[in-house]
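Data first, discussion second: the structure below is written as structure tokens.
Chain lettering (A, B, C, D and E) follows the sequence in which the chains are written, and residue indices restart at 1 in each chain.
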């Protein structure tokens, strides 16, 4: 054998799944392409500006404070894009940038980077923005218009407010339901012709992309399924109780960020339980919190907080849902 | 009221015990110790509750800082003054009594003099009673040292506390309202970061400050320094 | 230690106990004295300030009356002088404003309701003769700065309550029918806070309105 | 009834003592590194909170109407004695429980959550049942925050936390995130 | 839901057996020397009874068993003892070995019948004969077979399980044995049943070996209760506990042995070897190995003498390709990579896999992203994610509390890990550290 090609000695197993962490991450990034395209179809260039700014904020922070090559694993990219998708189209892009930076800095790097964080960084960034700039974050431009038209004051100077804009804004379907008891046709929700954040408009596109990821086992299908099931069951029970007061399950499922949240945010591997039983509990918990916040809370939308709160529960869930080790507990066939 | 079980041992990793007067300590050292080297909040991690709760504006920070300074100095001087007459068993009880008295006085005075600020500080003025800084200094320093040294130490600690509150208040008011002491800094179109005046903003600001302090100390030491573990809990272990 | 009966101890303990008691007692007495002195000294200005705040609020919501009376709610009736033995501070109070010519201008009523973050306290002026509100002022709220706290700061919103007919009906800004006096335009983005204000007023009117109406009728008769 | 539920929910999550009002931070920072400890601390706190609510109601109703200036002093004395009595009772009744809780009980005396409860209960004029509901809600909220923080800290012990963040800074930053998440409960049960 | 004829969790690595699946077993010429390590089995190493210069015939004992949990070693070729001393061992260490310079041009004729005929022997005599023949488990762990066949008296055994899964990718040793020597397998089963006194035997074979299933089924003896059961293709189907679970639905309690649930598990190669030993009268001196992988020019299934140097074996298969990177003893999932080509083949070596650069997993590992795939993979339901983190933090006591002892080091977790974290290695290191601490205490 030639000396230029020495043998290597590694620990077993010597085979490994073709999936690698960067591959999973970048596949998720790619699967967000259609969602992004849909967002830009509805909200024009503003959608791309906002997402790009959030992503840039995330990447710059990861590069600056992170350790060298961690940009390549793609996780900061996902955080940035997902954060961007939860924002309204008319947001000043400096806010999106700040959100991305916060998401990575305080959501991820302080815990030691990839894999160590407790809260979904994108949602933490979103919650930060929501708390910091409540007005800007609840100004929802209506979809439509020409592609090049800005949907609000995207280009406001850093630290300055959006100022007076002439963009046509409208309430989200959930806002309409909560504050004016006005419904929105479910077909509009499904195809995306309603007001709302960039990524929450078209349930159809998100579900398709999510199914693709689930088939590749890049997301844990149990989580979205249990979220949807919990929301549907609870909503149906309430709807049967008092139909005029509580909206129908279909509306609850397809309005707001539920589809995006359940598919892309709740399934973030780092911040969801590692056990399958835990995943069911986690998803069901999110579903219940979403319904509780939407119906009895002061906010129209509860997906973000539902997921963040359950993120906080994850270490606890992991602890109590440890699998029963083979050959312990109730044992079959002992003689 | 005295609790015998949790006695001295817990003190070792609590608030730094004042050095027994082996060599004469310069008054300057007594005074400056609390400002930076043993800053009650940033280094000893005491008195978190007011540091987080009332620092959403500079005015509130100053008022809270002054009230605490008043109680701190008053209590420490008195504690030091009567330390020879107070039996050990009722030591803590008398401390608490003294502190509560001073706090009541401060509370009423503030309400009479500056009702607006008193209202915005709310329940946190009476809560000075349970501010660990005061008990920690009374117990760790004033009950063993002369009146003069106790006064200097209390002043230093109080100033350190005020400085930290002021730092927090400044950051939070500038970012959160775009103002400093109520005066607008950036003009009308500034977008305030509302979160900074909300509870999460308090946690995040102090967390970030401690992070910077940790980073700075690490850099200065050039190696890993012992983590600044919270000192509050072990210290108050002595109290009851 | 060598004394099993502990006969050596009690004497010492006695001394100590007495000392403990005197120390604590003495300090307690001193503390009490100090507090009472400060209390005596500060109380007048604190009370004066409170009264002033209340007076200003009543002036504002009753449009500067020349004087006002404090009425106490006793057994579903308003009385100027509750029977002796009742603790006035525990009774619900409303304030009746008067013009110089002796005519009443309306009642100032306090209301409270849980809002977005915590309880919102407010006071409003109500004219039983017309069944309309005179004005509304939020006294205390912890609503989100920049959003919910517009109920204190947004003059357009506060202005909505002047002359509004009860029960109020909150609508989205710009979407109400013209000429409906009961409509109040809610603050965009602070719907919960706006609604809390409206609900607080509506519920208080529903509870106290008839009582105030009755009192006003009796007074004019 | 609705009022009592609201008081409970408000004290537990909407205005969570620890995460929204910064009360009870000492145990939150000091004894939140193990779930088991956090649970016990939470239970002990809840117990003392409830006892305090009862005592404060008694004080407010029968004593402080005559001497309002003694409010603070009487509260702190009552709380301190209460903790002492609870400690002695537990020691007598269940030595096992005492061993488990013993070291935490003294800590509770200077826990601002207890005094805070007393002060809020007074300034809001809660009656007996409302005070009880408030205390139970506050206790549940404290326990929830403690357990969440403890479980997060337990898991982050295994994480590769950067050196300057370790210790109190990390606890505060996690608390900030938790506090952000708890903002989702804003307005719960009050939207009508 | 408990799957029938399988177990829960596990992984599905590519089986890669096509390289040698249909290559008939062939015999190699004798190498110039054979190296016989004294430690080729679980338990105490054997004691050498030859010295340099001694001449040995094929089948002569060169080392005697040292106690019950031990096994003798026999000369696998006729020749002269060259040295008795340290030599590179496939486990990476240097270990005592007997080196025999093989006599060139020797007919390699064995001494007649060293092992007696099995017919008419009592149970005890059979086990003694097996022990003397140096038979150990040929599935990899090399557990002395006579120990396994002598369960404690109070432990009733009711079923003998034969492991024909060969779930490791690449390897076809057992597969070819079943296809080419079905009669030998059945004879081995018969002898073992007699040793154990059981009336029932089940042969478990993964479904990806239909020809082996057919061959064994068509030759089933009519007079004893032997069944051939096809099993789901999944790694590690061949692990004892998984196999028992799949075939008879019993769960071996944590920390217990298969015999505690009334079973004894034997590898198919061991079964065939027992038959061969009694047929030929020779002790265990040669075995069948698969030499395979994309890094070898002529992948083959071979009968080779125990102790054949690896270098000779590779050369006999056409040598390694230029892009060969790693040589593994055993299968790719649990096998041990070799740093030295002078190591000899052991009794327990099931195969030699030569991996190329493109086969080797990436060397770079990423932080754990808590995807939970390792939990879904672990056949014994451990939480490898937690165990791995604890290992990295050096918190070994908590690892013990989290059932580190139940880990079989099967490698499923690491196979499934997208971040490429060497979990079995961490667990192994933790075990060593715990053992050291215990022995220090």
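Keep this in mind: contacts are C-beta pairs under 8 Å (C-beta built on N, C-alpha and C of every residue); 3 or more make two chains touch, one makes a residue touch a chain.
Treat the numbers as computed from the prediction; the structure is a model and nothing was measured.
Asker: Most remote chain relative to chain A, going by C-alpha centroids?
Answerer: Max centre-to-centre separation from chain A belongs to E.
Asker: Greatest Cα-centroid separation from chain C: which chain?
Answerer: E
Asker: Need the central chain here, defined by C-alpha centroid distance to the all-chain C-alpha centroid.
Answerer: Per-chain C-alpha centroids ranked by distance to the global centroid put A first.
Asker: From the C-alpha centre of chain B to that of chain D, how far is it in Å?
Answerer: About 21 Å separates the centre of chain B from that of chain D.
Asker: Whole-Å distance, chain B centre to chain C centre, using C-alpha means?
Answerer: Taking the mean C-alpha position of each chain, the two centres sit 33 Å apart.
Asker: Report, in whole Å, the distance between the mean C-alpha point of chain C and the mean C-alpha point of chain D.
Answerer: Computed from C-alpha means, the inter-chain centre distance equals 27 Å.
Asker: Measure off the straight-line distance from the CA centroid of chain D to the CA centroid of chain E, and report it in whole Å.
Answerer: From the centre of chain D to the centre of chain E is 61 Å.
Asker: Which chain C residues touch at least two other chains?
Answerer: 31, 35, 38-39, 116, 144, 146-147, 192, 195
Asker: Residue numbers in chain E touching 2 or more other chains?
Answerer: 367, 386
Asker: Can you list every residue of chain A that touches 2 or more other chains, as numbers and ranges?
Answerer: 106, 110, 113, 115-116, 128, 131, 134, 178, 298, 318
Asker: Which chains touch which?
Answerer: Taking the chains two at a time, the touching pairs are A-B, A-C, A-D, A-E, B-C, B-D, C-D, D-E.
Asker: Would you pull the chain D residues touching chain A in the complex into a rising list?
Answerer: Residues in contact with chain A: 35, 147-148, 151-152, 154-156, 159-162, 165, 170, 173-174, 176-178, 180-191.
Asker: Using the touch rule from the top, collect the residues of chain D that touch chain C in their complex.
Answerer: Listed in rising order, the residues are 6, 10, 14-15, 65, 69-70, 73, 124, 186-187, 189-192.
Asker: Looking at the complex, which residues from chain C come into contact with chain B?
Answerer: The touching residues are 16, 19-20, 23-24, 27-28, 31, 34-35, 38-39, 41-43, 45-46, 49, 53, 144-147.
Asker: Considering only the defined contacts, which chain B positions touch chain C in the complex?
Answerer: On the chain B side, the touching residues are 82, 85-87, 89-90, 93-94, 97-98, 100-101, 104-105, 108-109, 111-112, 115, 176-177, 192, 194, 197-198.
Asker: Using the touch rule from the top, collect the residues of chain A that touch chain E in their complex.
Answerer: For this pair, the touching residues of chain A are 1-2, 5, 7-17, 19-24, 73, 75, 113-116, 217, 220, 269-276, 279, 318, 322-328, 331-335.
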